[in-house]
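When the chains are written out, they are named A, B and C in that same order, and each has its own residue count from 1.
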Amino acid sequence: MGPLLKLKPELKRWYTITTDYVFGEGLLTATKDLLAEAGATHVGNSYHSLDETQFSSYLNNARAANPDVLLLLNFGGQSTTSLKQAISFGLRDELTLAMAVSSGLEQLRALGPEVLEGVYMGGAYWHTVDTSRNKEFVDAFRGEYGRTPGTLAAQGYEGARMILEGVARAGSQDPEAVIEALEGYTYDALTGPSEIRADDHQLLKDYLLLRGKARAEMADEDDLVEVLSSGQSYKSPSEAGCDALVPLGE
Amino acid sequence: MDLSLLFAQFLNGIVIGMVYFLLAFGLSLIFGVQNFVNFAHGSLFLIGAYLGITMAGRLGWFWPAIVIVPLLVGGIGMAIEWLLLRRLYAAGHIYQILGTYGLALVIVETVILVWGPFTQSVDAPDLLRGVFRIGSAVVPVYRVFVVAATGLIGLILWFIIQRSRFGLQLKASAESSEMSAALGVNVPSVFRRTFALGAATAGIAGVLAAPMQGVTPGSGDEIMGIAFAVVVIGGLTTISGVFLASLAVGLVQSIGIVFWPEGGSILVYVLMALVLLTTRHELASA
Amino acid sequence: MYKDASARNESGTALTVATKGIAVGHLRDRPPREQRTVLRHLVFAIGAVGALAVALPPSLGTPILVFSMAAIGCNLLLGTGGLLSFGQGALFGAGAYAFTLATVRGGSEPLVALLVSVAAGTAGGAFMGTISSARRGIPGVMLTFALAQLAVFSVYAFRRITGGEDGIRGVPSTLLALGPFQLNHALSTYVVSALLFTLIVVTAARLNESPLGYALKAVRDNEDRVAAIGLHVRQLKITAFAISGAITATAGAAHTLYLQSVSIDAVSVGTGIAILMISILGGSRSVAGAVLGAVVFTVLSDRLALVWSRWPMLLGIALILSAIGLRGGLWGLITDLRAWFRLRMAALRHETRVGT
């Protein structure tokens, strides 16, 4: 959400709704840090469980805190549901709505422009990203399947390509050798230059800030959002709290 | 304490209380009349919600769904009663619970097969979009509609139970099924229609709830736990008892969240346990 | 509920033995039948542990032992005492969380942590028994349901202690050495679970034939009669819940030792219902039934889940069937078939003799 803070510095008071488990907690900590850095205030947070479907109470709590921004730190079906409920409570007219993690075209299509209009979202991929590789990919995908690729398609494509590249570099299919060959690998991803950090195998790639368009602004039915900015902000391994690679199960 | 927040949560509590009422009504009806513990009641709600999502969402038929889905779920309920449940009436409560829990598993898995495992939601119809502002509080128009619709349904149910011939037969069968049968009431048929009525109200609860919240295959189990609490707290005798208990549970949950965010549900179950412990409960005589 | 002749008969015997047991103190003249039970079940437990070790990898064997123990705890309430409890998940969770907190936060040795778990389970069971036995019939069952829900929401609400939806990780693994052989985590856990399992099988079987066991069976069959002959029904129920709590918590602790972590799943109502289903599926009136149920449930959920992710539907169907007809569960089915087969054989022999 860093880019949104830079884009609209007048948004000072932020309220968050967070899934109560590691992923949500991680997002919340990162958000608090960013807000503190930018001099904005975190005015409150509501936790909800992984199987919550009824968000009205949290939305009332959020409204009562009188924030400029309501930021949803949940994902998948829960972000869909909570965003819809926020819209149905008329919160879009009162404050800025933002969703930290949108899961791509399929989810946004299900939400539709009536819900998405004016909502800010983070996203890993969007088909209008302006790189030459992405244009090739989108054209090829549309030619093959007759539809627009979403995040899952893009990630599948990138993942497979990365493994192939690793096998080619290592000259073998031995997993250990492939891992080693890919450490520090830099390449042109669909969203721009990316790198696999050698220390902790974190993939450093661009993350997008999106904003929902109104139906009237849409060029075609998949043109749901505009890409406002794209960039990287990753913690170093030690900041992120994982100093060494610990294989699972040991 | 912020009064406007309390007021907003108060309104919210009333709305969720309404859905609890529709669900708890059927549960207490089936228990009261047939002396039957139905652990599959939440899955009837689930079927209603998913049918509602399909009809209102994919086909855009929200208004027809309000009528058709309860009829469908009522029909499903009738079929279930005829195929399975009537074989469990004499079996005692433990086996009723086991059998209907098994049934609930089968229904939930079928729902996953048909609709998939993920959260689904549906928009309220265009006519019911937007919000009312009451003081500083906002209430979506759709939620006001749910309160009004539930009120109307409650009246219809009251009429069916208190004023119709079927209601009379139903109460007579609940009092003594042997005596009613001797007087010419077709008791098995009354039971079947009672079950269908309970199923249909669970179905309409599902249709009405779907646009307010997301629905997952686990939603049925979750809401049924609360409905059991409502039935225990409200007792079995009157519609108004169940109605008041539903509102009370909705309000406790909703306002509880203001003071203790994680504790809303704890309060409901503490209340349930206290009622069980402190009253000579009607459930005991059943 | 159990209106067939054999059950009524059993209830008669149960009452007589119960009264006799109370009358002579603690059955000083213990009939050899009980010693045979202990011996038979010891052989059964060792056989089961050995067979599982040979037939299945420890990654399946350990959960089977864990759920067998939990189902035995459930059988004591359901099969012996006729008490339906939705709170078995809470008791399982009590053991699991107590073990985790003792080892991770308290730094205890595994053995001490196990004792803490058993204590927590006993206390939790006694509490649940005290509350739920205040009301008979469905209200009592509903009370266990309310307590089970309370346990789940409490784990969630007190996340600073319990880790909330994340649970707690980092339970140290207990590595055993058999002579010169150092066992790995999987094998060590299997051995520990096997020891606990054997202990519990024998204890439960012995308990079933103790005065307490007979008194509980009498409560199951006719509560009023038990009260009428002067036994304290509520005390009996509370004792049953406390013992069930101890057994179930032991299972929870073993499960934690195996997973090296605990999550909110351990305490969930769903876990409690899974335990109930295992118990009913196998047959709630015998120890062998509990083990059979655990084997079927675990193997199905492991193997069938690979091929058909909607496998719980089969469980549902099995539950419906057992509610309608197969009240004795799988083990009951086996004993019925055996009895039928014997009768048939006898009839055949008779026919042959008449024929010649």
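Keep in mind that, in the parts below, a residue touches a chain if its C-beta (ideal position, glycine included) is under 8 Å from a C-beta of that chain, and two chains touch if they have at least 3 such contacts.
For clarity, every value in this text was computed on a predicted model and none was experimentally measured.
A.B. asks: Looking at which chains touch, is this a line, ring, star, complete or other?
C.D. replies: Contact pattern: complete, every chain touching every other.
A.B. asks: More C-beta pairs touching across which pair, A-C or B-C?
C.D. replies: More contacting C-beta pairs are found at B-C.
A.B. asks: In whole angstrom, what separates the CA-based centres of subunit A and subunit B?
C.D. replies: Result: the chain centres lie 38 Å from each other.
A.B. asks: Taking each chain's centre as the mean of its CA atoms, how far is subunit A from subunit C in angstrom?
C.D. replies: Each chain's C-alpha centroid was found; their separation is 46 Å.
A.B. asks: Where the centres are mean C-alpha positions, what is the separation of subunit B from subunit C, in Å?
C.D. replies: Each chain's C-alpha centroid was found; their separation is 33 Å.
A.B. asks: Scan subunit A for residues touching two or more other chains and write them down.
C.D. replies: Not one residue of subunit A touches more than one other chain, so the list is empty.
A.B. asks: What residues in subunit B touch two or more of the other chains?
C.D. replies: 262
A.B. asks: Do you know which subunit C residues sit against two or more other chains?
C.D. replies: Those would be 156, 159.
A.B. asks: Where on subunit A does subunit B make contact in their complex?
C.D. replies: My answer: residues 46-47, 51, 53-58, 60-61, 63-64, 76-78, 80-81, 84-85, 88-90, 112, 114-115.
A.B. asks: For a test of understanding, state which residues of subunit A touch subunit C in their complex under the given definition.
C.D. replies: Contacts found on subunit A: 20-22, 25, 49-50.
A.B. asks: Under the stated contact criterion, what part of subunit B meets subunit C in this complex?
C.D. replies: My answer: residues 37, 84, 87-88, 91-99, 101-106, 108-110, 112-113, 225, 228-229, 232, 260, 262-263, 265-266, 269-270, 272-273, 276-277, 281, 283-284, 286.
A.B. asks: Where on subunit B is subunit A touching in the complex?
C.D. replies: Touching subunit A: residues 2, 4-5, 8-9, 12, 15-16, 118-121, 123-124, 129-131, 138, 140, 142, 212-216, 218-219, 222, 253-254, 257-258, 261-262, 264 of subunit B.
A.B. asks: Report the residues of subunit C in contact with subunit A in the complex, numbered from low to high.
C.D. replies: So the residues of subunit C touching subunit A come out as 156, 159, 164-166.
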